[in-house]
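The two complexes that follow have subunit A in common; it is paired with subunit B in the first and with subunit C in the second.
On to the complex of A and B.
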């Protein structure tokens, strides 16, 4: 009890933030869990009742087109391809920007630009660029590379690829900025010592750069995975709500459609809890495996 | 002494929590009887007119504050549902009539037949007042929201009246000369990713989305023939682009690279602003069936939030009467060429003589009212994948019609379970 009174000062300052958290995080989350066990939908929005795990059973067994497992697989492909290219491009560009090059500031500004443009504008601009006849991508392919034009938005695989390309363009600046920050915090003496020992460029990269940017990159990658997994805007806007034929959905766009197009609130809540559990398990195991919380030095 | 110190600490902690709670709760909106909020999905030119009219109202009624908040159609719908269920939300909600079905089922809008006098309601075109399950739920200021054939008068003097003429004119006005894989000009464009734009073809071949009981009727000859017709326009006559969504079709027409576009009344002002000399014509007749291509027609208007108190209702009603007043509807019609709903205005010289409005009126008369039942949402959702699959060459029109029907039945069952 005494300890409680000793810490009263801390509690006092934490209380307002905690109350806000209750209002904007805990209460909506618990409410979401509750309605995931209910029959809340168009016909039962005011008089909903608890029906047990029915909605969860539907998530895994309902014959939707495409079904949960196909969408889940697409979400995994979407997430890993995106994050892979975000990290690879981001780190390569950060390594280049970390060199002594002329006009570094201009390059840095230009490379951060995709991040600064509102996603809505990015998505619709890219959608226009993917048009079969008038899109700039097909014009480059046919006119300059003499390749056949691609029907980007009409075929499921190409449409999904179009979404991924857009999101890669949009996402690499974040990883680049994070990696650049990490690179700049590496003490220069370590490279000098390696030079004296006669280490090659590759060995310095492998034994100094990568281990020392890892503690910064792992949380950024974890965040990147969670954000990309839950990234509704690009998929929804580039594919115009899952076109063609609902073949470009990832789990969150599918939830959005279930909740707001067809008013299936109970089902959408259950599906969103499933997504939450997937991400929670993944994040915890990824952080544990990569030892992200361990000190670098 | 120790006890007093403990007591003081507890009081201190409680007061901080209380203060936080007060601050937190004060974020929620106070009920202000003189502040009327309207949520709408009007495009920019409509919004400018609305804001001007609201300003005039506030000058006439000092102390009353009107606030219009724009939301995109889907965001407005979902946002209004969430807010109204929680006992909040705007006082008036504006949009097309198809939102009335879900709002009524969820019990979040007020019946209006007892709020307004019968004589006043009778002043409106019956197509502009939306009744559902015996109650009046929406009064419109604009009628239509309908598709028509818009043509560029610099490229075409007279619009086609039949599908045969459409193909002939389309072939003549489609230009492909330099062999670079891109057409210089198309005869006709429209957004053919959305099933809403397929409706005129479906009705032209005798189909319709649902029967009188709200059951989908998508597996029919009208759907199959309509789909075949579009495929022929693209693959055989080559008078429409290989792919076109709303933005591409719109841009092609605005750039003068398309002679005709199928688009709604909301688009006309934009084409004029882009410097295109437009003509409006009713959609053509399908010679084989003898039927006109009939678009869906729906009014756009206001509904009252169920949470509006009796006390506030008087002001809300007064605002609504003002916004729907004939002089305001005429102002909008003159600026945007939209069809008013106030019946007496149909004798106004402008409405009677304006070429665009005259043709728009013909199209409205030939159109079919958009059903307001919630099931329509499931039908759109069921039509979209198969419609796109036909245009993508993945399904035949026959398969598509079958799949549309079975998917619509399943989605309706899911919605209503």
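On to the complex of A and C.
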């Protein structure tokens, strides 16, 4: 095939997707950068002007209630707690499922359910379950465990906890399935050899299982952290847009509110970029670090 | 000997116990939706924990189809989701192939750029797209929402397809070429059928993105005639006391096909995901 023909071939294959991506990803991204340096908001939607890095200064210094640093801290807690439980529960369940047991297929199918259900239904249903009077969680607490009922959705800490609980429930199946896939690819001979050497289950876990599932888990965890950091659905819908009084926000829900409830377009665009840069720096350093350990192993 | 046998039995029981507890936790919210959908309208708010409520009735289901614009929402959601799926799969199948097989200017930057979009917070593209749609007069239109959903789904789809093509040996195409196929024939006669698992995954992913999306739709589709299922269901939830039963019934109907599809395809989903993310 001559060169010219090949180039046309590549062009027809790549061009449509590239045009679409330039239109719906690249151009909006540039536009977002432009807006972040402007004073665009509901009053200045047509006659906006470039005002320099004013909006960025506002992101870091404006005394919003709560302010950027508090929300940033909450986002870190949110991400860490969620991903921690996703991985721990996911790996434990995968280890249990990776034995010869009855009903394995049924357990596996039912345990995937939280991942399969559309997120907005998950969020709205859990919001119902957290209802003070009629929600099943409080009914179980008071009727069966004889504990006092909890005001899940009206107090800041409890409402944030409610979001986290919902998200933990939602996220463990992904890690479970990934870990299960990794476990199944470990050759059986390794465990047999360890058995002959009289290794205990703890040593097998530490010296065979964990090192061998690590290469698969690390990318999954990176993805999990990025997804959780940016997950808007659960926080927005369980807390009904940050209730009570904006105390349940993580960064993405806070910026969503600034953009679409408060119409502060310039500010929201600047905050979006700040969030993106935080995630980019984190992901790059995380991947570099884990790559380094991988090479060592 | 017997003590080690006993130990094994105890371990087995413990394993099942833990699995049963987690399974119950996993399915409970679904059962809760079933319960809500079956409650008679005077008992919507109840403090009973029975799965099948007293005087269970299918009235919510009937009223969903007769008094509510539920079928309109189904139609809108199906229309939007199918269009997004078709565009997504077609574009990703072609460009993923080029990314996997050829070297061209901008390839590395393109691939890296696609990966980086996964770190965008939702508002990063939503806000400028929203403002662009206002200028173009595309707010409250199917086209507006289809464009926005494609922007979310496409990067992931291209990566998945590329990752899968990478695992198909290039010798297969060379063999086809020797047998007289041109490059394009080699692609759609040999490679595309082999890549069908990845096509299924990208299709499923695009479909789910559009079918289950609330946040974007809430901004772009304000006309109730254009509402998709998530917007409709949220409106039931908003006045919890009166329409809670409708919410339950609708959720269950919306959930069942997606969940069934997801569970059937979950095996491929994971291999596609890890291939796409592990392979560079």
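Observations on the structure shown:
Assume the second predicted complex is superposed on the first by the 269 of 297 C-alpha atoms of A that agree within 3 Å, B and C clash if a C-alpha of one lies under 4 Å from a C-alpha of the other, contacts with A are read in each partner's own complex, and residues count from 1 in each chain.
FYI, contacts are C-beta pairs under 8 Å (C-beta built on N, C-alpha and C of every residue); 3 or more make two chains touch, one makes a residue touch a chain.
These numbers were taken from a predicted model, which means no experiment stands behind them.
Superposition of the two structures on subunit A leads subunit B and subunit C into a clash. In the superposition on chain A, A:260 contacts both subunit B and subunit C.
Greater residue coverage of subunit A by touch, when subunit B is weighed against subunit C, goes to C. Contacts of A:20 after superposition: both subunit B and subunit C are touched. In the superposition on chain A, A:189 contacts neither subunit B nor subunit C. Once the two complexes are laid over each other on the shared chain, residue contacts for A:153 go to subunit B alone; subunit C is not touched.
In the superposed model, A:128 makes contact with both subunit B and subunit C.
The single stretch of subunit B with clashing C-alpha atoms against subunit C, selected from 39-47, 111-119, 237-245 or 291-299, is 39-47.
On subunit A, the patch touched by subunit B and the patch touched by subunit C overlap at residues 12, 16, 20, 23, 124, 127-128, 131, 133-134, 139, 143, 259-260.
On the side of subunit A, the complex with subunit B involves touching residues 5, 8, 11-12, 15-16, 19-20, 23, 39, 41-43, 45-46, 65, 124, 127-128, 131-134, 139, 142-143, 149, 151, 153-155, 240, 243-246, 257, 259-264, 267. Taken in their complex, subunit A has these residues touching subunit C: 1, 6, 9-10, 12-14, 16-18, 20-21, 23-29, 31-32, 35, 89, 92-93, 96-97, 99, 101-102, 107, 109-122, 124-129, 131, 133-134, 136, 139-140, 143, 169, 173, 177-178, 181, 215-216, 219-220, 223, 226, 230, 232-233, 236-237, 251-252, 255-256, 259-260, 265, 268-269, 271-273, 275-276, 279-280, 283. If you check the complex, the residues on subunit B that touch subunit A are 6, 9, 12-13, 16-17, 19-21, 23-24, 74, 77-78, 81, 85, 102, 105-107, 180-183, 193, 241-243, 245, 247-248, 252, 374, 377-378, 381, 384-386, 388-389, 391-392, 394, 407, 411, 414-417. Contacts from subunit C toward subunit A in the complex involve residues 12, 15-16, 18-19, 22-23, 25-30, 32-33, 36, 45-47, 49, 87, 91-92, 94-95, 97-99, 102, 104, 110, 113-114, 116-132, 147-148, 150-151, 154-155, 158, 182-184, 208, 211-215, 219, 230, 233-234, 237, 240, 244, 247, 251, 254-255, 258-259, 262-263, 266, 269-271, 273-274, 277-278.
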